[in-house]
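Below, each structure is written out as structure tokens.
Both of the next two complexes hold chain A, though its partner changes from chain B to chain C.
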Partner chain A sequence: MSYVLTTLTKKKEIDSIIRDTIDKVLVLRFGRASDPGCLHLDDLLSKSAREVSKFANIALVDIDSEDVQVYIKYFDISLIPSTIFFFNAHHMKMDSGTADHTKWIGAFHTKQDFIDVVEAIFRGAMKGKMIVNCPLPQERIPKYQLLYKDL
Partner chain B sequence: MNAMNEKKINNNKKKCEFEFCKVCNLNHDKGHRHKYFPNHKKSLSAFLSRFQSKLADIRFFLKNPSVLRPEHASRNRFWCVFCDADIDEISSSFACANAINHLASEDHVKNLKHFLWKYGGEMNHMDAYRILEADVAKWEKNCKSLVNEAAPSNDRSNMLQVGPSNDIRNELKNKNINDFENCTFDPIKSNLSNGVMPLHYFTNEYQISHSGLSADTNVGPFVHDAIFSIPADAWISNDLAVDWNSQQPLPYKNLISSSDLSYRGVSQGYQGGGMVNGVTSSQGSHNITQTSATPPKKAGGNVHTGGPPPWFEATEENHLSAELKPISSSFISLSNKPGKKLNPKRVGAAWAERRKIELEMEKRGEIVKSDCDDNWLPNFGRVWQSGSRKESRKEFEKEKQKLPKVESHSEMPLKIKPYISKRMRRDASESE
Partner chain C sequence: MATLADSFLADLDELSDNDADLIEEDDVDAGNMEEDVDGDMADVETLNYDDLDCVSKLQKTQRYSDIMQKVEDALEKGSDISNQGLVLEDDPEYQLIVDCNALSVDIENEIIIIHNFIRDKYRLKFPELESLVHHPIDYARVVKKIGNEMDLTLVDLEGFLPSAIIMVVSVTASTTSGKPLPEEVLQKTIDACDRALALDAAKKKVLDFVESRMGYIAPNLSAIVGSAVAAKLMGTAGGLSALAKMPACNVQLLGAKKKNLAGFSTATSQFRVGYIEQTEVFQTTPPALRMRACRLLAAKSTLAARVDSTRGDPSGNTGRALREEICKKIEKWQEPPPAKQPKPLPVPDSEPKKKRGGRRLRKMKERYALTDMRKLANRMQFGVPEESSLGDGLGEGYGMLGQAGNGKLRVSVGQSKLAAKVAKKFKEKNYGSSGATSGLTSSLAFTPVQGIELTNPQAHAHQLGSGTQSTYFSETGTFSKIKPT
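Presenting the complex of A and B:
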């Protein structure tokens, strides 16, 4: 999968990709390549990378790398795979009925679901919204339990 | 002005119901206007030329009637597009008899007129789509004489039949199915026995014409593969009066030919061997069309001279320096300063504009003061925070700062000592 998508291991790389992706949605997947959930998501991402290429950039972040730990803390990543969306260096939130609106946790059921999500983010961002609603029906959204803060 | 507007409004008020255009194979609600649209005209000419080629085959049998054997009859169907009817040859004794009779009938002419009215064909060419009664009479006479001939000598009739019946089968089949491999027809034999299909060109002429074609600039006559059955050519030739010796361009509708490296596209109308829209070439691969030979541009440069690609041209429109607020910190406040092309209210518009300018400056080689230090973090709306995203970042940084302080306190009392290996330590302790 990583021959299609770039894998980032350094904070500087993440910084530069966030700053340099202009007017396109930046999809950052945080996970590790060996995890099956991440593998599933990576597969979907790499297959749809070309289709969304006009309005989205996709990159993978390896959470096992040292440099990246600050981002893991900053973004509060506790479950993988976690996908965070940026637009013009602004973080985009999505309300999908789950507890955490700041990121997408888990994989997608189909390529089309992913594309729909990215499209919703793009449309919202182009209108000036920083939080968008999730276009997927509830059964297609992976559910999870968030660990509460300070536990 | 007002009168014109009113007229326009009136015209647009007419709403037509959906109709199906069988030429374009689509439904439209433009009513009678549809037939004047260029797309329709194109489809119409293709449609009619396809039908023409089928008619050409029937005309061949009009001029050269031959007996139709019953086992071949079931294969010879003909669909008349004007009447929307299938015409089969089950009960006919001569090739295409039913078709010929149909094409001469009054009903067919009526339908033809209606079709031309509805779909806008040219009325003067009407005769191309029907058979005149005089011709039918002639044909019937010929048929009768054939029957009389056939009675005395069966062998001869068999020979007579071999050619044409094979022709029908091959010709009608090949029209719709692209297999000219089934051409069991032996051109030389049939030519000699029938006398109805003279060779329209000699084989050496064919070769010469092919070798000459690459040199010629304006080769009109269509090039076809040698596989094509000769009867097919003959029928087309009959229809269009080819003069092979003259190498002049055929008055053929959709033939494409260009200069030098000619792209020989065979149009839809030509279905003799079942090749539709194929690129045929005899020697090598002459599938290339030469673009118009413009003089080489020197100003811009190209890939070979190492000029800049056109998409790198700096867009002047993004230089909105006058409009942008001076920003001290490197982080974007959520300001909605207008961009020019994209929605100015989009998320991060100001950031995007600034960043684009920065990138362009970098490309040009100017050193841009990079606001990105090692501790830069994007504004992130954290999970459990309330308040704006900038605040969350500040919160995070505070948390970050707390941690190292705690660590450094514990580290302070540690003194840095040189490393002593275990052995040394052991020795030291033993010695003690």
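Presenting the complex of A and C:
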């Protein structure tokens, strides 16, 4: 949807972008371009892409392509949109009070929320932390139910 | 010279007289008039009211008629291109043009003199007209049209004046304090108006002639501002070399109208522009950029005039190039500024925080500084268990507070460094003004060693005293065991 953000469809592309983003937070959104939740998030991401451009890189991953299924399985992505943060090819986790720390599920309320989250990840990563706390108050964090298979 | 002295006296009289006395004055001066005609022609304008010929002499002069004749011949002849190879000064036509320039300046002065004459005569009839219509030629036309008429609704002033001014004139005429003029005065006034209009026509002719030759005389200048304006500029400056010698700021103001009508708003008047205002380039620039354009035009046309005065480029190419440059610059000014891109946020923690300092910050920090009491509590004596708040090593330890040898459980609040400085200053200031001291004490202290010392050494001694008081070693405590060796 966004012409500002690159959409990745191949595994090689994802690999290269993770490897090549140095000293910047890499934000990968996993989702579908047609889904309304994803559209909302994409809109937010494209608007803030230029503002965080000095310390973050944003890309979209289409979960419908076959190449990418490996990653979907690896990151265990079931609800979309899911956003995963990387820093220097290292997966950054964030504790936002939800059950899943490895990714961010859903959209953000405002552009500023997203920028705050990226900044928190950046600061934590520069200090050498692997997991950071979410700076947003609880009401700003989208709540969801995790689907457990076969349980 | 008797006549000169008389004329000066008459000047003085005239300045103090009011309008009603003017007619009487004329009769008195009639006797002096003949002498004055023979006398000095320089201060002509103030005196001779009665006869126009004494006031305006230019049309009678030989020079005037000669030049007008030549101009008319030349206008009929058409332009003469054959003598382009000659040096400019040798060309007879150039000489004619130089003369024309001087003549046009003279004509203008003459018109002003006649205008004064008309105005003085017409004051009896319609005094306010002079302040409403400033331009001499317009004034002359209006006076001629109105004549002796008292009711201005019968007079049609369309075409002579802008409608706003016609309205003001009509309104003022209905309440004017003037009376109709006597017949001969009216006749003289009308004559003067005719004379003024004739001079104006002559000036136009002269300027037309100069303008037609302008392309040959000053091709570069006419390429930039156009031949009409170039002719006017040259005329007002008094020649091409005079124009070339002027700085550009003066060229900008050549021909500027100075008067502002009282009561009319000055917000719309264009200030500080002269003949340059009439150039095509100026008229086509948007009003916001007009001041800058005017300055630019004046500067480049001065350059072109300088090129022309030395015949540096007879083809006019320099002028055309300069004009191109001017047009391009004006276009560039009109471009919209580049669209503002939102700036990306700076990298977090990349810019170090600006640390502030100063007295205020130090006082703030003092509130959280480590106090002496806390320092003592933090330290411990070797081998002696410290006392604690809950006893037996539980609770907070007291450290050196209240230990034997200290002598104090309570440690008074030590003076902070800042407060010490302030206290010292305060003491020094106050030292001489205590009321209880005897009259023999002074701030000067006489010591046998150093002679007179200005600052009181007692303040110094006080400091030393406090310095030797140790906060760590006890004053009263002694060695616990001394073994002779």
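We take it that the second predicted complex is superposed on the first by the 147 of 151 C-alpha atoms of A that agree within 3 Å, B and C clash if a C-alpha of one lies under 4 Å from a C-alpha of the other, contacts with A are read in each partner's own complex, and residues count from 1 in each chain.
Just so we're on the same page, a residue touches a chain if its C-beta (ideal position, glycine included) is under 8 Å from a C-beta of that chain, and two chains touch if they have at least 3 such contacts.
The structure displayed is predicted, hence computed values, not measured ones.
Asks: Identify the partner contact of A:S53: answer first if only chain B is touched, second if only chain C is, both if each is, neither if none is.
Replies: Touch status of A:S53: second partner only.
Asks: Tell me which touches more residues of chain A here: chain C or chain B.
Replies: Comparing touch counts on chain A for chain B and chain C gives B.
Asks: Touching A:M130, do we find chain B (first), chain C (second), both, or neither?
Replies: Only chain B is touched by A:M130; chain C is not.
Asks: State whether A:D35 touches chain B only (first), chain C only (second), both chains, or neither.
Replies: After superposition on chain A, A:D35 lies in contact with neither partner.
Asks: Tell me the contact category for A:E13 with respect to chain B and chain C: first, second, both or neither.
Replies: In the superposition, A:E13 contacts neither chain B nor chain C.
Asks: Applying the touch criterion given at the start, work out whether A:V70 contacts chain B, chain C, both or neither, answering first, second, both or neither.
Replies: So A:V70 only meets chain B here.
Asks: Now for A:D43: first (chain B), second (chain C), both, or neither, which partner does it touch?
Replies: neither
Asks: Taking the superposition on A as described, I'd like to know which of chain B and chain C A:E119 touches: first, second, both or neither.
Replies: In the superposition, A:E119 contacts chain C only.
Asks: Determine where on chain A the residues touched by chain B overlap those touched by chain C, and list them.
Replies: 126
Asks: Report the residues of chain B in contact with chain A in the complex, numbered from low to high.
Replies: 332, 334, 336, 342-343, 345-349, 351-352, 355-356, 359, 372, 374, 376-384, 389, 396, 400
Asks: Any idea which chain A residues touch chain C in the complex?
Replies: 50-55, 115, 119, 122-123, 126
Asks: Taking the complex as given, what residues does chain C use to touch chain A?
Replies: 341-342, 344-349
Asks: Which residues of chain A touch chain B in their complex?
Replies: Touching chain B from chain A are residues 11-12, 15-16, 18-20, 22-23, 70-71, 73-76, 86-93, 100-102, 124-130, 146, 149.
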